[in-house]
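Each of the next two complexes has chain A plus one more chain, namely chain B in the first and chain C in the second.
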Partner chain A sequence: MPSLKEIHDAVASGNYKDIGNLVQGAIDSGETLENIINNALSSAMLEVGDKFGSGDLYMPDMLLAAKAMKVAMEIIKPLLKGSEHLSEKGTVVIGTVKGDLHDIGKNLVITMAEGQGFKVIDLGIDVDFQVFVDAIKEHNPNIVAFSGLLTTTLANIPEHIRAIEDAGLRKSVKLAVGGAPVTQHFADMYGIEIYSPDASGAAKEFLKVLNK
Partner chain B sequence: MRKGFTRKFEPLRVLSDSQVETIHKRTLEVLAEVGCKFESVRALELLKKNGCRIDLEQRLAYFPPDLVESSIRMCPSSFLVKSRDPKDNLLIGGNTLYFMSSLGARLSDIETGMVRVPTMEENNQAIFISDALDSIDLYSGYTPYFEIEGVEPVMLCSTSLAMRIRNSTKITRGTQPTDTFIWETLIAQAAGQELIGNMEAAAPLSYPEDAINAAYTYVEAGFPVYIAAGSVMGGTAPVTVAGSTISNNAELLAAIVFIQCIRPGTGIIANDCVFPMNMESGDLFFCSLGSSLHQMAFNQIWHDLYRIPTNNTGSAFPNSKKADYQSAYEKTHVAMASALSGANMIVFHGGVTAELSYNPVLAIIDDDIAMTIGKTIEGFEVSEDTMAVDIIKDVGTVPGTFLNKTHTREWWKKEYFLPKSADRLSYPEWLNSGHKGAIDKARERMEHILATHKVKPLSSDTDRELDKILNDARKYYRDKGLL
Partner chain C sequence: MDSRQKFLSVMNFDENALIPKTEFAYWAGTIRKWFSQGLPKIKDVSEEILDPESIRGSKPLTLKYADEVDNNVAPFFKLDSYLEKFPIDYSSMMQSRVLEENNEYRIFVDKYGLTNKVLKQKSSIPMVIDYPIKNRKDFYEYVSLYDNSSGGIAKRLPADFNNLAAELKNRDFPIRLGGNPFGFSFLARHLMGEVTFMLSMYDDPEFIKEFNEYFLNFTIDYWSEILRKVEVDCVFILEDIAYRSGSFISKEMFDTFMRPYYLKLIDFLKQYSINNIFVDCDGLIGELIPLWIEAGVTGLFPFEAVNDIVAVRNEYPHLKMMGGFNKKVLFKDSTKQEIDGELGRVFTVLKSGGYIPHIDHAVSEDVTWENFRYYREKLNSFIDKI
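Right, the complex of A and B next:
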């Protein structure tokens, strides 16, 4: 029977080719799903996030770990029932704002947030404000996160916020913003509750705000 | 006034002929099999009419190799861009090298690294200073700052262009976001000058609607177009130099086919704006070895095989936050490699702190570096006069000297370059003259420029016309809910 440590190590090293067999082997041998999730997969992602934050791992390491995590969850998710549930920390709707086609930073935030137990709805790039509004209505998220790389497209963020306010949804969500030209000052200017200068910090900020 | 530099020797080659040929063939394979996304039905239909296979639902165009190669041949190897003052017209291509001013979002204090949003007066002053610097021949879009106090972001590009035209007669490039190309084209035409248009991809292998509409507008105005892909090695392109060269070439060649379909013979400047990703953070790794090698390969392929003028952006922004040793070595090694490998244009002056900031004092120091690089590619003359054998015979052995010869007086000025901001004093002189360094001397030069430089003003009618266009733009964006 594959041990939890082997599963943990496979995720932490981004071994997406073997993780499926390891997880399936553990399930077949009677290991509980919650044990696999909490004591192997999530802990591996937390470790990878911390090592990335300290400069011991790099972006490809983190993305490969996320890829392994995804393979594992594809096996586990259909089997979850009853008391065996994913202890999701909350739901995040995220997208790159209208006019901007950059998604590396956004995808990194998604990786880190999922690794920390958030359910993430990815709206993609060049997202119109109405799409954000519709996604809030559909998914009832705790957090709505705007990503933008271009200074010129940051100008569209107030429009996105106004649309959420006009739809009467502003009080039901916390807003987050990130991207190279974004500053704490920018976030404060528009009353955006969550800002982080980097992706690994973003997921921690999500947790902090929801725990308040 | 100097107008660029002319390379007097063969460019440095980093690839063998067979490697160039292989990279080209594999690029054609990508364009034929993967294709390129164009977020515009109008563009896709034009490409289809010219021989591309189209998947309208996926917005994809697949390019037959023959069409790509015939489109390359339609691009002129050199062309003239007209300024509002003919003395600043530029003939782009061939063996010429021009330097383009760099840019930054904000104004930085180059000694502390702190940045802030510049005022309009500071923006205009920075342009005016660039106008006075001999080694700057043209401006990027958004130059010098892409944030200006009191200017709404959606009005930034058009306002910035109007200010460049008011405060300088040098050639400038347009931009593409949020329909700004409409207003930039009108502004340039009102001032009686040509713009270098702009079409930037969203790598990998995609062109957004803004880029396509910008290309239509600029080409229909008769302007040449500056094409760029802005790939990130390891992110939106393969991490390797060879792989990212192929994906970047495919993106740019797709644009070339499209532009030549709109108007055959349109002048193209192919920009290599490819940076490695800093895998520690996901940020761009500016002024890096990866950029430098990529640009050298790019210059060789586009100069030798495609014969299309090139621009290099790799030395535009050092990672350093200050005007310091790191800033100088990062920019210089990349720009020198660009110049030696045949770049026609290099983005260089004033950028610092990745692309976050700009400072005119740094642009003045960069003027000295650019002059040194430019003079390097001009090489030196080998003639009876410069070999000076008669003088060597005349001087003979010790105690002979060359110092009192008219030949020395004439040629040291021709072959040497004396940087204006560098400290070259002896130590006692330096002690006695206030311990000044390059930054102090650049500041003095800046004061001198501000006190003495003159720019040919726009007529009051033209000036009013630019204001009218900006007001029309403001109304346009207000009607669209963007202001």
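Right, the complex of A and C next:
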């Protein structure tokens, strides 16, 4: 029977070719899905995120780990009927704010959040505030995340928040913000609950806020 | 000394060099805002240029490009021309075609084969929704569209190339070859997207090597035709392979997928006595600098202020630099002391040569005219005293 450590290590090293057999082998041998998710897959992605954050791993390594995670979840998800809560820690709606076309940072956050078991609704780039509002109504997320690289487009974030408030949705979600020019001070200024200087930290912050 | 002579003398670390007073670029929206904040208007910004698009701080290569360059800020401060880009075309030159169109948006394939979506309701820059190269098979099909013969290359040269080359012999401004989209990670990412590029480094490393080998040879064929007739002052290699916390790729990845092509390209450039070989890379680049230097790169641009320009100059005294002034200290709520502090950093580096100070990217709309004027006048005054 493949051990949880083997599964963990396969994800952490981005071994997407073997991960399917390892996960299937563990399931066939009676390992619980909850154990595989929490003690092998998610922990591996947390480790990858930490190493990326500290400069020990690079972006291709992270993408490879995410690919391995995806292969594993494709095997696990159909078996979760009625127990989806085991794999889905919450829902995140994310988009690059109006006027901004950059998406590398946003895509990294998606990779890490999905790796931690979040369902992520990606609204894309140059997202109008009304699109965020409509997505909140449709998907009922726990977290709404704004991404922006340009200093000029950060000025649009208060407008996005106001639209969410005007729609009466502010209390139902936690807000997150990230991007090269964003600081903790900026997040505090607009009452945004979640900030992280990098993508790996963002997924951790999502978990922290939901566990509060 | 004209702008070109100043550029060359500074980049040569000449003792008596005059430092160019120059800016790389402004957003069109910045110039429009500054008109209402006090910048005297000499010429309106063309309505066809969107607010986030660039107005270059250089002289136009020909009148054809006159609308894309600054006609207002440079005369006010008596600025030198920045490096003007010699026009290049790295596309597959395929016919653009519209795939879908309605009242809301248009989806089209451009000459690179990128599928773009552009919204009609507002001024919007097209966003890429699909890439032409997803694997090695796509790559072979894609490059079959390129013709590297003299006849094929000739189609990529400006229509008036011979006359232009003759005119450029007597120019008073510096020019560069290269830049967007040319670079040994940037071009691949441009044509295949970030994820395919990065995963292919592991899944099919030979594919990435073949890609860069192909475009290295294409570049040598292409640029040979240009360099036979035009003496360029600088070469730009666009990478943008770092973010605010560091490099996207490791030393091993650089050594495997990029270094060999830098070495060959730079050998080729040396045949034309080109010594100003700059990498254009945003983000925190500290761990990449020694790799680039070792591969033959001699300069960096735009040297975003997330990097400590004083420390880099101390560590690499012969490394040339352009940019480095933190634009954020020119935003609305900044103080004069903050601007003076940032100026102090660039003054330190200026004294040691090989450096042209300017804002660390195109000047964005959140830079106020009042703060920009304060910064530029102080910087010009300091340059005059050196």
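The rule is simple: the second predicted complex is superposed on the first by the 200 of 212 C-alpha atoms of A that agree within 3 Å, B and C clash if a C-alpha of one lies under 4 Å from a C-alpha of the other, contacts with A are read in each partner's own complex, and residues count from 1 in each chain.
To be clear about the criterion, contacts are C-beta pairs under 8 Å (C-beta built on N, C-alpha and C of every residue); 3 or more make two chains touch, one makes a residue touch a chain.
Everything numeric here is computed off the predicted structure, so don't read it as measured data.
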{"item": "Superposition on chain A - do chain B and chain C clash or fit", "value": "clash"}
{"item": "Chain B versus chain C as contact partner of A:126, first or second or both or neither", "value": "both"}
{"item": "Touched partner set for A:28, first chain B, second chain C, both or neither", "value": "neither"}
{"item": "Chain B versus chain C as contact partner of A:55, first or second or both or neither", "value": "both"}
{"item": "Which superposed partner A:181 touches (first chain B, second chain C, both, neither)", "value": "both"}
{"item": "Which superposed partner A:159 touches (first chain B, second chain C, both, neither)", "value": "first"}
{"item": "Partner chain(s) touched by A:14 [first = chain B, second = chain C, both, neither]", "value": "second"}
{"item": "Which superposed partner A:104 touches (first chain B, second chain C, both, neither)", "value": "both"}
{"item": "Colliding region between chain C and chain B, picked from 384-392, 402-410 or 438-446 after the shared-chain fit", "value": "438-446"}
{"item": "Where chain A meets both chain C and chain B, residue numbers", "value": "55, 58-60, 99, 101, 104-105, 126, 150-152, 155, 180-181, 198"}
{"item": "Residue numbers on chain A that touch chain B, as the complex places them", "value": "55, 58-60, 99, 101-102, 104-105, 108, 126, 150-156, 159, 180-181, 198-199"}
{"item": "Interface residues, chain C side, partner chain A - complex", "value": "27, 29, 52, 119, 124-125, 127, 194-195, 198-199, 201-202, 243-250, 253, 283, 287, 306, 327-328, 331, 364-366"}
{"item": "Of all residues in chain B, those that touch chain A in their complex", "value": "105, 146-147, 152-154, 156-157, 177-178, 202, 206, 208, 210, 232, 234-236, 277, 279-283, 356, 481-482"}
{"item": "Footprint of chain C on chain A - complex, ascending", "value": "14, 53, 55, 58-60, 63-64, 67, 99, 101, 104-105, 107, 124-126, 150-152, 155, 180-181, 197-198"}
